[in-house]
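Chains here go by letter, A, B, C and D, matching the order in which they are written, and residues are numbered from 1 within each.
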Amino acid sequence: MRLRGGATFGGDEIAIAAGPCGVESREQLDTAARAVAAAGANVLRGGAYKPRTSPYSFQGLGEDALKMLRESGDRYGLGVVTEVMDPRDVERVAQYADMLQIGTRNMQNFPLLREVGAMRIPVLLKRGLSATVQEWLLAAEYVLLGGNDNVVLCERGVRSFDQATRNLLDISVVPLLEEMTHLPVIVDPSHAMGIARLVPPIAVASLAAGAHGLLIEVHPDPANALSDGAQSLDCAAFERLMRRLEPVAAFTGRRLPKRYPASPVSDDSAASPDSAVRSSKRGVKLA
Amino acid sequence: MRLRGGATFGGDEIAIAAGPCGVESREQLDTAARAVAAAGANVLRGGAYKPRTSPYSFQGLGEDALKMLRESGDRYGLGVVTEVMDPRDVERVAQYADMLQIGTRNMQNFPLLREVGAMRIPVLLKRGLSATVQEWLLAAEYVLLGGNDNVVLCERGVRSFDQATRNLLDISVVPLLEEMTHLPVIVDPSHAMGIARLVPPIAVASLAAGAHGLLIEVHPDPANALSDGAQSLDCAAFERLMRRLEPVAAFTGRRLPKRYPASPVSDDSAASPDSAVRSSKRGVKLA
Amino acid sequence: MRLRGGATFGGDEIAIAAGPCGVESREQLDTAARAVAAAGANVLRGGAYKPRTSPYSFQGLGEDALKMLRESGDRYGLGVVTEVMDPRDVERVAQYADMLQIGTRNMQNFPLLREVGAMRIPVLLKRGLSATVQEWLLAAEYVLLGGNDNVVLCERGVRSFDQATRNLLDISVVPLLEEMTHLPVIVDPSHAMGIARLVPPIAVASLAAGAHGLLIEVHPDPANALSDGAQSLDCAAFERLMRRLEPVAAFTGRRLPKRYPASPVSDDSAASPDSAVRSSKRGVKLA
Amino acid sequence: MRLRGGATFGGDEIAIAAGPCGVESREQLDTAARAVAAAGANVLRGGAYKPRTSPYSFQGLGEDALKMLRESGDRYGLGVVTEVMDPRDVERVAQYADMLQIGTRNMQNFPLLREVGAMRIPVLLKRGLSATVQEWLLAAEYVLLGGNDNVVLCERGVRSFDQATRNLLDISVVPLLEEMTHLPVIVDPSHAMGIARLVPPIAVASLAAGAHGLLIEVHPDPANALSDGAQSLDCAAFERLMRRLEPVAAFTGRRLPKRYPASPVSDDSAASPDSAVRSSKRGVKLA
């Protein structure tokens, strides 16, 4: 499956979706987007509509955030994935995003699944908080049944009795799903761990287990994030992680996405050969 | 809190909501409704829109089922509670029902919670499959924040490692919530157990623990039910359960609803439901 | 099954085992024993060998505590149940106790199970922290296979994802086990809840569900207990609980044990425990 | 930490413990031992005393199995790890084994922990079925407190709500424990998965996450194993796994143990195990 922006899921190139938990401002998002693109991510993640346990927590910037995501995604040659919670928002979100995320709390929100199943845009289906593998696949079936076969599964940890990490990453699903379904599987170590310094080794392990991609929370200033700061990498840590992933990708016979772009010049000029290629190979796939 | 139909939640009279998992036909529903009313239930439950793990399972009869629920509820002086899954359906369901059920899979469906929070109709908020008590109360907060303070909490068992019962009933929440919130708490032993013969003792225990009501699945022919047959009581078993509950209610200082109707005459009144029932003692509480 | 001291498990009379988590001193234990006997308990519980998560926590007084348990049990006509953790201690503990408790951490300590299976003293087998019902029954089978068929099962809550209570009481096992085994089932609401004020309503619910008995932590001074103070009832609260249980017992067709002593005279008999008590109605049932 | 046989835990060389779940016969064990040594394992695992959920399942060959383990271990230059369940068996098992395994059901068997804590032989402490990381470390503390600081932690999966795999491997503990304790951590993918074909990718992921070693079930004929056949690799699959692990070990900056023997000559030495092997490069490290 290939997104606008060029990212593929399920092929030889690993998909790396990175960005802030929530879109907080144009500057925050753009800084993160530039950094993750430069480090080699090929998809920008960021929440516009935030499902929050408490109604008193930051709820997201809504459509404004969608616009920012689109702009930053285009600017840095990144596909855009963002969560949609409400079936009434699906069309609007799809205007801006390249991939619709169904969050863990909505894995069995069947009207929402049917709605994204009626679209032809890729769907990232996160595993429910305590969903069995069987239930997860049947949730995917709601989307597939609508005719939308661009579903990517995302393991993000399940609820457990221990509070040592935020959730309990079920890494076994990576090889298990490989023999149960044709759908690509990626891993979100950020939500699984809830602790930034555990994200890199678990990201490494996930790729080693065969995951087709990663979803990583990156924030320019985690200490001041409006949500999920404790589990967000800062831009430098993400850059280090990407370097650390290179030999793992090689070991699994896959490759990481190319970095965007090699030189800062290319922001301004499409004449640069490097960016020209980018704008053909990855850029033209946008919009 | 008082429903149309006269049922109250949180007071001296226990609320007994009973009926089939899914509305399958007018006859099935009406038979169940008549039986549960005669046995002393004061709310009719039944699913019109069914959240099913598999898209290939029976999905409910939709608005047709809503009409049947309203008719049978009116005929037997029962309030009507039914699940709404889609924020776009809230107004329609509220036209027919006296209480909107938010199912376990939607406990953190925040757009849906906001939508029912904007209504002024009672809401039955089931606990999420693996929701903490804290998360459950914060989900209720989404409804309350919208100005709808008619929220009833329903414990229905949580997910566990054992498969001996369908879910693991957390009976401790009954006394625990009593000191954490003003909201009434009822128990659904049917979904908790998943096994019909365990429903009566657990219903007894739930009232003994202080629950304000029960939600019980009753089907005229459980063996041929389209959903949840294994956990549904037949009409006779429900009648026996209601008798068994009487001393328990007395012990807790509460009382069960009166049976409908007081005199056997009114069985005939089913022929002209709109007039007869409305003038009954309980019917007059209907809108 | 009948203990020395006269308590029965599985019959018309409910077994009420009460006492401190750990035996801390002769005075603490005797005060508790006198109070629980006066309130109607018929078994004294108390830990001599304490299984503690940390090696730095209070580990119990060992054989000294066993002697105190025997003395206080005899003095107030109570059977004695206490935990044994080490197969090498089984004979010694059996010299003092009337019932051997296998704790939750040792439910699958097979050498220990075989050792108590070789004895002819009743065994109280607590459910493991996350044991399935199947595993629990198979653990009992280790004891039964040794020829000791005096096994009582004790539900004490299982581990869950929520921390609102210490464990998650699985009340469904009470009716479930009734159809799976001939073994009596009692409930320990103290360890299940971990919060003293939740113990009474859950004790009530447990009897209402059909439990053959209760295991309740009672401490003369919970605030200064060396272990489990937060979940221990003080003597007055236990007395209130016993009164509250009377109508529940009646409702289930069972009865509570008689209070000790039958006549107020016997309060004085505490002065000469060794003689007076043995001649009491219940004392004569001791070996 | 270095075992007799030369295996180290916690250093640059990864420890690979492999062998059958239970020792079933001299031939079965020796075939497995030769194969795993040839493939590069440096520790032989095998159960002599088997903790089985049912008393009617194969319980192990006891001391006979211990002798076989010692012989096969010596023959192929392998250290020997085997489980001890009973504090009364600790000395006997220690006569034969190089490392004592405390199984998952005994993680909080405190008398047993104290007993192995009084020894000076390495201990492999498996995580309890639903033990928190905190409880696991405190169980280790029981051993350390006795003066035995040769403790290795083994993650083997925890109990979960899903039955898709036998347990839920908590890979996060590998990096998490690295910052909480100095104790080495190894992973048992066999018990975690319960499905042989999932063992290799999870073994890979575990090393990639930083595990200091692996514990792998290998049986010459899994289809006819008396226990755990479904999760056991056959000898050829184990050989393939070891090759697959090489680049992962390299990637983490560690190395796998050398294969036994270095030269094909020693294949013949199997005929005279007691003399020849001891003089081999690895044999000399034996006591």
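Following the convention adopted for this analysis, contacts are C-beta pairs under 8 Å (C-beta built on N, C-alpha and C of every residue); 3 or more make two chains touch, one makes a residue touch a chain.
Because the structure is a prediction, the values reported are computed rather than measured.
**Student:** Going by average Cα coordinates, which chain is farthest removed from chain A?
**Tutor:** C
**Student:** Counting C-beta pairs in contact, which comes out ahead: B-D or C-D?
**Tutor:** Between C-D and B-D, the larger count of C-beta pairs in contact belongs to C-D.
**Student:** For chain C and chain D, what's the span in angstrom between their mean Cα positions?
**Tutor:** Inter-chain centre distance comes to 39 Å.
**Student:** Using the average of all C-alpha atoms in each chain as its centre, how far is it in Å between chain B and chain C?
**Tutor:** Measuring from centre to centre gives 38 Å for this pair.
**Student:** Can you give the whole-Å distance between the Cα centres of chain B and chain D?
**Tutor:** 53
**Student:** What are the residue numbers in chain C that touch two or more other chains?
**Tutor:** As it turns out, chain C has residues touching two or more other chains at 130, 134, 159-161, 163.
**Student:** Using the contact definition from the top, classify how the chains connect: line, ring, star, complete or other.
**Tutor:** complete
**Student:** Touching chain C in the complex: which residues of chain B?
**Tutor:** Residue list for chain B touching chain C: 130, 132-134, 158, 160-165, 168-176, 179, 192-193, 195, 197-198, 201-202, 204-210, 247-248, 251.
**Student:** Note which residues of chain B are touching chain A in the complex, please.
**Tutor:** Chain B residues touching chain A: 51-56, 85-89, 105-106, 108-111, 128-130, 135, 138, 141-142, 145, 159.
**Student:** What residues on chain C touch chain A, complex-wise?
**Tutor:** So the residues of chain C in touch with chain A come to 130, 159-161, 163.
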